[in-house]
């Protein structure tokens, strides 16, 4: 199962049956930072960046992939039929995990919080995996982890660079230790890339917190983050609750982790694609 | 030259022609910490520890070796004929390095600031190198470094543990880059021990500062320090001069570096030998 | 020994009666002695009954019991020799994770684990077992040391989670855990992990990857504390017992799910009732595992460990895809 | 371009005369133009004369010249592409040592070096090129990255020394340098070091071990600053020039002593007079070295580097013992 195989179900992201879709249509979108209202149409032209304050709106997996690869129609999605399980048969207090999964699948038209596949960025073939926060908060389900691990395997098997765009609130309670162990699984699988001397670029997007930061997201050979994204293990709210103290503003943002030596650069979404290509050329061009 | 060879000149530390000798005889010795006067005779019975306040007096190389090995008469010294050079022909303002070397050799009856050899500690054969602060402040001359490197080579060649007791004020100005490069040489040579899976125990004694801490002294598999020894890169006085501020008392002591995670234990001289033996048994007994 | 847990109250009543009788000392009548024997049998029986049907939440309470043996206790009870290794060689010596060179059953190992702290002073020093980045980096140093010198690693997990404060974020708590996950996945020496009390989230996993993962009978392992999970799922931490139930956090459940490899039985009434008996059980389990692991060629050991974690928890139906 | 150094004053007088004549612009008479040509020849000649017999102490002043090109200048002038890698992944991003992925003469490398800072703001950010432990640890990360991906390393040394303050000691400045010395001794990729200005003590050596050590013509390399050496030797830092003389700190002297491998010529009047010409010289030297080193099998490269540093500075008479 560790070999890179083409997607089992014909169509990819671009096909009619695609499981990746834009967030629900709305005519205007409010900016969470400056409160400005922008026409959805306009916002999509600016890569979902607020034209007034520069706020980087959260993207769907489909948007993210579209913005990164040369040609979304040539992006080959994998593992879409690898769908989430309910390993604990989690039912408690009107919370039925199986139902929640269905609901999220319907709302997002994703089957899990991770979309993985192969595409090109400025002509360079990469294994790309993208997390979608809209799917149960981008939490690490067993199959989300497996899809990430398979994206790593594909990079190793094909000897191509790996790019993972993280967006996650952390663990998926309803899978408990199955969720937790994905951190170990993904961290372990990354070691395969060492043998093929291909880089792993980790891109942190708003928000990347919890277990994801305590595993693959922090293990990039190069780590980039979008401006002002929430990035950290606990996130400021959890810390404030835990220590009953206010934190300095800016704690656990991209800029905070840059200052503390955890990442290489904060990159505006408008230059992300080009920056990634520039970095990749150091490893792939001779 | 990298092979372990027996000392070239018959007698060892214990012989009549030994180059290692106790510090000049004085009847009473004042304690630098509590000012108490102790009979030299008495002090030597307590391993040069002030009976009143526990201050660990600085030792000569001979004392140090005597206190550590099972039998000083069985300690086989090496490289005594490897004597310091004056590679820069350093003569300036009434400072003639060659003369200074002679004077120090006469005063200490050492030929350099490092004494290296093979001995046993509770029956375990070790390559031991000891620095003597009384010889030009235990500074890192080219030959001091070479003697250390040879002690490392002996440990690697014979597949036995390495123990280095440091005591150094840092660089030897009169050898400039020859002195500086000893840090690189000793750090490099230590890598040979990795192949034989034998431990290197670094013992920091008062004072261990400057370049020595920025090389082999900080690279022990296990690092021990005598109580209240001055241990640090710059030492508090230099820092205070550099930043024009008073430092908290206790900065750059054994206890300070223990607290900051740089060493494994502070060990009283009276239990140093036994502690080293206990540690060594983990690696040598099966 | 006190009975502090609510569900142990029936036991306390019996125990009190026994203690009262025993107080008579020399004045103890033969019928009292019979009574004591009867009561002790009853106590044992009732204890067994209660502990046989602990709810997951009750197990959480046992796992967090203030008298439960901690890493330092196991080190004292298991090791015939021990030399503590301190510090991460970078920043500090975190007392929330301790470890060193040890001899167990004649075998030299590196042992390490979370230390919660027994008395108030030690609790504060140890930060209640919640480690900062320097704790995980110290653990990494010790594990690399073990690899270098061919010592197997024993890692004892007992933490509510990694430390959540500004300083932990500043120094990269996530990076420190992530790096350990990777290190432990490929370390070229056997690693046996035992969850001895609380296995809390990434903070537990940060020293929790190995060839074998053992759980003490009343230990628990959670991706988030039941209180936190209840808060997140139902906005009310009072539903922690329900969360504990639904999340399958106990040793027998996790063994059945194939997520851990062995359950180490606890003495009657829980590990906190008898540290020595508990340590004996743990020693036997560790030694059994190490005997097997140390016999494997390193390449085989490492390939198996990689496979174990690469495939962890993937049901056959998924693995087949 | 100003003439700030005392021994450059004669040059300043000539330069001023030239500038005055040139100010006339259109009103410049033919005889003025002849005069300018004569003066410019004289300036060049006098510059050459002065720089041909700089004392060691004067070289210290040139090496510390505020207009001398710094690492960031060389990166800009040498690299056709550059992506900065930041942070030690532990604590911070020390601006006193910078570096990243770079293309030089069509070759991909990791370049890094001390950065002193040009204007006041940058000087403070960069702590005047005196690195904290996180700087050395960032350098270590970059070098491991280079090793992993097969990039050669170029390391530019320019520091008065490592930072001497409480925070540096607390976070293990000595350990951070020591670890780099070991790492650079065995890193499995070519390393070329160039002392571009001040090579100050352990802080310089901390990124200064490699297959080749180059020195710019007017750079200096000292185990302690001449002022500090004078203080220690004669309790008077005013004897720094004498210390500089006695310690053999200049590039030609160190080349002759066999301690460095190549002297890179500086443009007339020193590197600070012509950054472009200096960068060109450095590029040629680096490329020549890398061409040779990159052709060697890694095992040979590493064995030679080990031998170089194991035997460094040992005279034949000693080596023979």
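Note that the chains are named A, B, C and D in the order they appear, and that numbering of residues resets to 1 at the start of each chain.
Here is the rule we use: contacts are C-beta pairs under 8 Å (C-beta built on N, C-alpha and C of every residue); 3 or more make two chains touch, one makes a residue touch a chain.
Every value quoted in this text rests on a predicted model; they were computed, and no experiment measured them.
Traced through touching neighbours, the fewest hops from subunit B to subunit C number 1.
The set of chains touching subunit A and also touching subunit B is given as C, D. Here the spacing of subunit A and subunit C, counted between their Cα centres, is 33 Å. Averaged Cα coordinates give subunit C a centre that lies 54 Å from the centre of subunit D. The distance from the centre of subunit A to the centre of subunit D, with each centre set as the mean of the Cα atoms, comes to 43 Å.
Multi-chain contact residues of subunit B (touching two or more other chains) are listed as 218, 260-262. In subunit D, the residues touching two or more other chains are 89-91, 170-172, 175. If you sketch which chains touch which, the pattern fits none of the simple shapes: not an open path, not a single ring, not a star, and not all-to-all. Across the whole structure, chains are in contact as follows: A-C, A-D, B-C, B-D, C-D. In the complex of the two chains, the subunit C residues touching subunit D come out as 89-91, 133, 137, 170-172, 175.
Across the interface of their complex, subunit C is touched by residues 194, 197, 199, 218, 221-222, 258-265, 275, 278-279, 281-283, 285-286 of subunit B.
Against subunit C, in their complex, subunit A makes its touches with residues 1-2, 8, 79, 81-82, 85, 87-88, 90-93, 95, 142-143, 146, 149, 170-181, 183-185, 187-191, 210-211, 213-219, 232-234, 238-239, 242-243, 247-248, 251-252, 256, 260-262. Contact residues on subunit D toward subunit A in their complex (touch as defined above): 81, 83-94, 101, 103, 108, 134, 138, 145, 148-151.
Residues 162, 164-166, 168-175, 177-179, 181-182, 184-186, 201-202, 205-206, 208-209, 221-224, 229, 232-234, 239, 242-243, 245-249, 254, 257, 259, 306, 309-310, 312-315, 317-321 of subunit C touch subunit A in their complex.
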